[in-house]
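Chain naming follows the written order as A, B and C, and within any one chain the residues start at number 1.
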Amino acid sequence: MSRLEKQRNILDYTLSSLLRRKGKNAALTLVFTLVVFMVASAVLFAQAVRREASLVLKDTPEIIVQRTVAGRQGLVPEAYVERIAAIRGVSAVRGRLWGYYFDDAFGGANYTLMVPDAFPYEPGTIVVGGEVARNSRTRVDNLLPFKAHDGTVRGYRIGEILPTESALVSADLILMTEPDFRSLFGIPAAEVTDIVLSVRNPQEIATIAHKIAALLPDTRPIVRDEILRTYDAVFAWRAGLLLAILAGSVAAFIIFAWDRATGLSAEERREIGILKAVGWETGDVLTMKFWEGAVVSLSSFLAGIALAYAHVFFASATLFEPVIKGWSVLYPDFRLTPSVNAPEMAALFFITVVPYTVATIVPSWRAATIDPDAVMRF
Amino acid sequence: MIEIVEVRKVFNAGRHNEYTALAGVSCSIASGQVTVFKGPSGSGKTTLLSIVGCMARPTSGRVVLAGRDITSLPERFLTEVRRRKFGFVFQQFNLIKGITALENVMLPAYPLGERRAALEARALGLFELLCIADRAREKAELLSGGEMQRVAIARALINTPETVIADEPTAHLDSRLSREFMEIVGRLKREGKTTIIASHDPLVYESEIVDRVISVRDGKIEPGDP
Amino acid sequence: MILHPAIIALLTASVLTLLMVLAASFLGVRILGRWDLSSGSELQLELERRTYLISTILSHAFVFQLASLFLFVRTIDDLCTLFSGSMCAAGTLDANVYGYPALALKVATSLLAGVWLIVNYADNQACDYPLIRRKYRLLLAIAPLVVAEAGLSFAFFLGLKPDIITSCCGSLFSRDAANLASDIVALPAGPMMAALYAALALVFASGGFFLRTGRGGALFSTAAVTAAVLAVASIFSFLSLYIYELPTHHCPFCVLQREYGYVGYPLYAAILGGAIAGAGVGVLMPSRRIESLKDVVPALQRRLCVAALLCFALFAVLATYEILASNLTL
């Protein structure tokens, strides 16, 4: 006698029994797959976007220093750069120039304008992101008009369009030289939008942030990790929100599964009675019911996840995109990096398969304790 | 040898539809013999069969199987005893539709964890023995009455039990098939198996193969039978 | 509260486990009161059927409990990025006052769950359910712990708010912090290592003796549980140092992270497995005298002993490997 053989035999019978009632079981499996698909899509998408965001933020400077005037963001005097550079542990301090430009043509879009560290083109030329070009229906070598701070219109030649790989950050980006930027927005020479700095020792980041705040009381240092945390929390929160909404459908499915399991047809009842009459004991019938549940739930689980994977990573999660990514006119069309990890799968398992299994325990037991005695009297 | 002592079986105890199927039955059943419980329907012989065959537990009284008291065995162990020592043939044959006759016969052995090949060989051997080898792979619902009966007998024999129990085996059979059934019982007797049959068919209890007839009526054994 | 999918999953598991254990407890109380194996009455038959149900419910519940322990640890480790100042699970757990108690109770209930499953298995092997009363009393003892654990888990997760400044494991587990962990950490490494290896040697010796002669089960069981406790303490006090190759990093949670090869998982799993199997041997000792279990229990205890020895062997091999392969010398 071998335990393995026994399980194989019972599994064999279970499979044949499932196939004999194709209709009912197909419906159950289909609905289960759908539920897993929805939940898995939400989870996979949210995690993928979070990963993407953290990857993107990985190379940003550790601390950003902004200046607040009456609670709102103001320009920072360039002199602050040297004072910050004098703090021990700080490396690579520089001022940044950037801002927003609202273009009310073509449906209205908010562009981010920036002066990068190294700009290979001369004044008069700009580099734009993919969505900017698309939205303005323009291409390289064309002129893009801007309304300057003094009411005049300036035209800049498009020198280059940023590649789509960087879409998440560059979609709405426009890069230009410093003189162009200052003259477009009317920013005086001794001022910058904010200051960024790197810190050599990660343990020191918090201390240095405090020192800056103490040294320059009208500034607000922002630590990169705080940004990461905020994004993390937002995406996770949105995913959780989606799940909370889906909870209704998961609950409905569980009730359906329970109802299906409880409502044994007369034929099914007779079969189990016969099994018990010919020598299967309650434990054996419970094992059969367990295999039934396992086959249905595992195949639905795998199918649902596979479909969700395809949905998220090949179709860019068309169904859930707006909820997770947020609303905006300009949204880059980018491919998420496919990846799946064990905790996610475990979480999905606990949200779908576990409630299903629990719901079917009592119905399975009721089926398994059918009295064989009754069969004698049929 | 199976011994039952003062066995009572009460259904729905304490409720308005309380029903006493057996009211203090004692008897011993010898091994290697063919014993028939004779009586009308409602006499309790089916209940008696299920208790003798370890399918049900008595409300009170004792059941001793080959010297071992099995009265209080919990279901798991009772079933263990039953599937090794008893084979059942039911009144309605009770084959599972939708699977083949061969699978039906192999079913009782599934929980015992035997290797499938060996099991199948033994099952096919039984089909040969009962002269229905060519119907082995037919779906159960496509068999004729006589074929179903033989499949049911084969199923009862798959775990090579010592005792075969049959409940009204000839109830749905014509005379020819009933006589064939008794012939098979005779064969089993020659192999040394014990057979216990419940029947109110004279073709059964008047057969010369039968060693002993016990009359059952109203849940009691009629006096005059040892 | 953070609506993280893994948190939703863990809370779902907590609720379901809680409901299952409570249901099983209510059903079990009835059995404790009216169980009478010698009666063939319908009540008894019903109770026997019911005991199958309870068995099934609890097997599921306790397996989920063990699985969710691992998911819990992994999740709080992943969540550490949401709290400033924390680099591993230690920070997440410290984010509010329920974290560490919740983890402690989760470990305790997992241990007891494993032991219950062992007792249940033994009970089902005998034909007269000899351990049934003991089993359900144990269940009634475990139930309040499960309730408390669910409550603490909920309180912990509901009270989590990102951006809370929490302690880094560096400050929590350093010699100067004033908590139990730092006391363990302050124990000198040399004697701790000696104690650990001595305990492991005792486990192997008593286990071998038990396997050969069938005696000394209680000694083995005690040795196993003691070794498990010492193993956890030694991760705090010196093993972590070798794994991180830093003489001051004592955190027991950072070993679970990718950069250290996730070595924490097999280490802790081996300790938990060894503790459950070892405790199982001890718990079954009184049952050896029961008539119907005379043949079953010794064989079961031997299997458990072997399982425990394998777990401790795994731990010993991994720990020794980490010590030898480390670039740190203390």
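Operating definition for what follows: contacts are C-beta pairs under 8 Å (C-beta built on N, C-alpha and C of every residue); 3 or more make two chains touch, one makes a residue touch a chain.
A quick note: this is a predicted structure, and the numbers were derived from the prediction, not measured.
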{"item": "Most distant chain from chain A, judged by the mean position of its C-alpha atoms", "value": "B"}
{"item": "Pair of chains joined by more contacts [C-beta pairs], A-C or A-B", "value": "A-C"}
{"item": "Chain occupying the most central position, where position means C-alpha average", "value": "C"}
{"item": "Whole-Å separation of chain centres (CA-atom averages), chain B against chain C", "value": "50"}
{"item": "Length of the line joining the C-alpha centres of chain A and chain B, rounded to whole Å", "value": "64"}
{"item": "Centre-to-centre distance between chain C and chain A (centres being mean Cα positions), rounded to whole Å", "value": "33"}
{"item": "Chain C, residues touching no fewer than two other chains", "value": "49"}
{"item": "Multi-chain contact residues (two or more partners), chain B", "value": "75-76"}
{"item": "Chain A, residues touching no fewer than two other chains", "value": "282-283"}
{"item": "Parts of chain C lying in touch with chain B, wherever the complex brings them together", "value": "37-38, 40-42, 45, 48-49, 124, 127-129"}
{"item": "Interfacial residue positions of chain A with respect to chain B in the complex", "value": "1-6, 8-10, 12-13, 16, 20, 267, 270-271, 274-275, 277-284, 372-373, 375-378"}
{"item": "Parts of chain B lying in touch with chain A, wherever the complex brings them together", "value": "46, 49-50, 55-56, 75-76, 79-80, 82-83, 88, 90-92, 94-99, 103, 107-108, 110-116, 155, 159, 167"}
{"item": "Interface residues, chain B side, partner chain C - complex", "value": "11-13, 57-61, 71-77"}
{"item": "In the complex with chain C, residue positions of chain A that touch it", "value": "42-43, 46-47, 206, 223, 225-226, 228-230, 232-233, 236-237, 239-241, 243-244, 282-283, 286, 342-344, 346-351, 354-355, 357-358, 361-362, 364-365, 368-369"}
